[in-house]
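Please go over the structures that come below.
Next come two complexes built around chain A: one with chain B, the other with chain C.
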Partner chain A sequence: MITVYVNERPLEVNKSSNLQQVLALSVQSLELKLDNIAAVHNQHVVPRSKWSTNLCHENDRIEIFSAVAGG
Partner chain B sequence: MLTIAGQHFSSRLFSGTGKFASSQVMLDALHASGTELVTLAMKRIDLEQGTDNLIQPLTAMGVKLLPNTSGARNAQEAIFAAQLAREMLHTHWIKLEIHPDPKYLMPDPIETLKAAETLVEKGFVVMPYVHADPVLCRRLEEVGCAAVMPLASPIGSNQGLLTKTFLKMIIEQAKVPVVVDAGIGSPSDATAAMEMGADAVLVNTAIAASQQPVTIAQCFRQAVITGRKTYHAGLAQVSNQASHTSPLTGFLNELC
Partner chain C sequence: MKDKIMTDSGVRDNNSANKSAINTLSDNQFIQYYRQILLPLVGEQGQQNLLNSHVIVVGVGGLGSHVTQQLSAAGIGHLYLIDDDLVELSNLPRQILFDANSIGKHKAICAAEKVAAINSDTQLRYFCEKFTHSFAEHLLHSNVELQQAYQNGQLILLDCSDNMPTRQSINVWCAAHFIPLISASVAAFSGQLLVVDGQVAPQRGCYNCLFAGNSSPQGCANLGVLGPSVGVMASMQALTSIKHILKLDTELKHLHIFDGLQLSWRQLIRHRDPHCQACGHWPSEPQSQLSKSQKTIQTEVTL
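Here is the complex of A and B:
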């Protein structure tokens, strides 16, 4: 297992996890769909086409963004 | 019909989604407004509390989503935000707004121009929120922005068309659509902007923070239609002198 940080919160995941799996695990209890989020991996915006090939490593920083009301 | 980057809009009222008392009120008001383009912001989600899913009901309504870069303080942050928005909302459209000053939320013209140039190169449809500066609007148009969005007065202030003189210059010069954004406080402001020849207006606070958002949204809808129709029909000229509308026959004198 490795520890990654998703929106600053530590998360234990399998060593060979990819970004797609980490994102799915992170939003599973929320109402959000993966289709409606954007992901930043170690300060880089990752296109969704590359989520499944982007491997996660110990202490990686992942940030998840969603749309909110605004003008 | 209004066309921006090849997309047609039959409504010239764009709306924001912020400041509504609830998601349902927002959806009802947007529906009443007849808008076809709505703005959204982005936020890092709180994994404990989650977040409202706005995208699905808005998409179901059939409106086009225009994400903004609110929160960006410079060009680099705005470009980053635009890339996030593209992944999140599957759109190349971006409302570019860079306001480092938290008190008046005045847009930074230099960073906005820099960001616009890069975003256009990256294939974005860029709609920059700017001060009502005719020179800046022309420069933004030259770098390839799809529209310009000059402010009427400070964001959320409801002060109306304080920049009227400059908005007129921008409208006169622009070869891309001009969307008057920010500060429009009442339907009559919206009508006035449309009478001047603005291609559209973007209204948020004046609807969302009103006592009856759905009714006010309907009023804005009518106001924008009226303003556009008036612009096309052409108003009579303003004169400094009186000009009588009834014949001065002098018949009262004749009776005496």
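Here is the complex of A and C:
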């Protein structure tokens, strides 16, 4: 297991976890839907098509946020 | 479409005799813009570039109210205001171009009237229309001046809209035509700002590379917002626009996120989605200049 930080909170995940798996674990507790989020991995916004190939490592910082659409 | 546009559109121009390309500043203009010209990175040539630039503003609500005033005051020569909404009482705390007498009237018309009084150097065209691909195509191809500005790289678009379908539609159209897009948004205490430019920074992708077309974020109507938060984002959007016109962008790689509670900004590094349907035709590396045929690619993508 490794520890990653999702929106500053520690989360224990399998060593070979990818970003898609971490996001799927995290969105429920944040009351968000995967369709509505953008994901940041160590300060880099990761395009949706690369979530499943982006591997996570010990102490990685992951941030989940939503689009803001108001004007 | 043409009849409707003619019916619900117009021009506010207090100085119509002087709207050809500006190659030199008048004495009055030199005095008026002196504090801007004084900046070495602006100078007289920079001010001329601002006066010769064309800026489409989609949405003349909270963000649009602020940016149109700031851009006109700075000497942007041509503003195109697009909004099909009417002014409501609940708009007044943040949409500062409007007052009680504006309620029930078209935002685009009211905004054009108010902004026209700020600076006679700005020619204002307004369109009481919803932004759609077909409307944008009509606008670009029916206005000779706008088309010329587009071909000369003097056209940018500011997304000040208030909903995701419009934001995606704007992004697709700008990406198809390589028109630089300055996107700002705000709701609750959060703001987001980014520059999308398929010629200068194709490797950073577009709006759709960040946010999926089927996402459904909430806006000010659901989450609420404070007027000054809108003003902060609008000022950053206006500043970014001027910098882009003057080619002063130091980098275009970030998504800027504002936290109005902490009064803080964060920068996140953007990356292009290789499978993005909106910007898939972009080159992989920055281009110094695109050919006319490359610029006139016309695609309509449904996200």
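One rule holds in what follows: the second predicted complex is superposed on the first by the 64 of 71 C-alpha atoms of A that agree within 3 Å, B and C clash if a C-alpha of one lies under 4 Å from a C-alpha of the other, contacts with A are read in each partner's own complex, and residues count from 1 in each chain.
The criterion applied here is as follows: a residue touches a chain if its C-beta (ideal position, glycine included) is under 8 Å from a C-beta of that chain, and two chains touch if they have at least 3 such contacts.
No experiment lies behind these values; they were computed from the predicted model shown.
Of the two partner chains placed by the overlay, only chain B lies in contact with A:Arg9; chain C stays clear of it. By the touch criterion defined above, A:Ser26 lies against chain B but remains apart from chain C after alignment on the C-alpha atoms of chain A.
Of the two partner chains placed by superposition, chain B and chain C are both touched by A:Val45.
Set side by side, chain B and chain C differ in how many residues of chain A they touch, and the one touching more is B.
Contact with both chain B and chain C is seen for A:Val68 once the two complexes are overlaid on the shared chain. Comparing which residues of chain A touch chain B with which touch chain C, the overlap comprises 36-38, 40, 45-48, 63, 65-71. Those residues of chain A lying in contact with chain C across their complex are 35-38, 40, 43-50, 63, 65-71. Contacts from chain A toward chain B in the complex involve residues 6-7, 9, 26-27, 29-33, 36-40, 45-48, 63-71. Of all residues in chain B, those touching chain A in their complex are 16-20, 23, 26, 39-47, 50-56, 65, 67-68, 70, 80, 83-85, 87-89, 155-156, 182, 202, 204-205. Against chain A, in their complex, chain C makes its touches with residues 59, 61-64, 159-164, 167, 184-187, 190-192, 205, 209-212, 214-221, 223, 225, 255, 257, 268-276.
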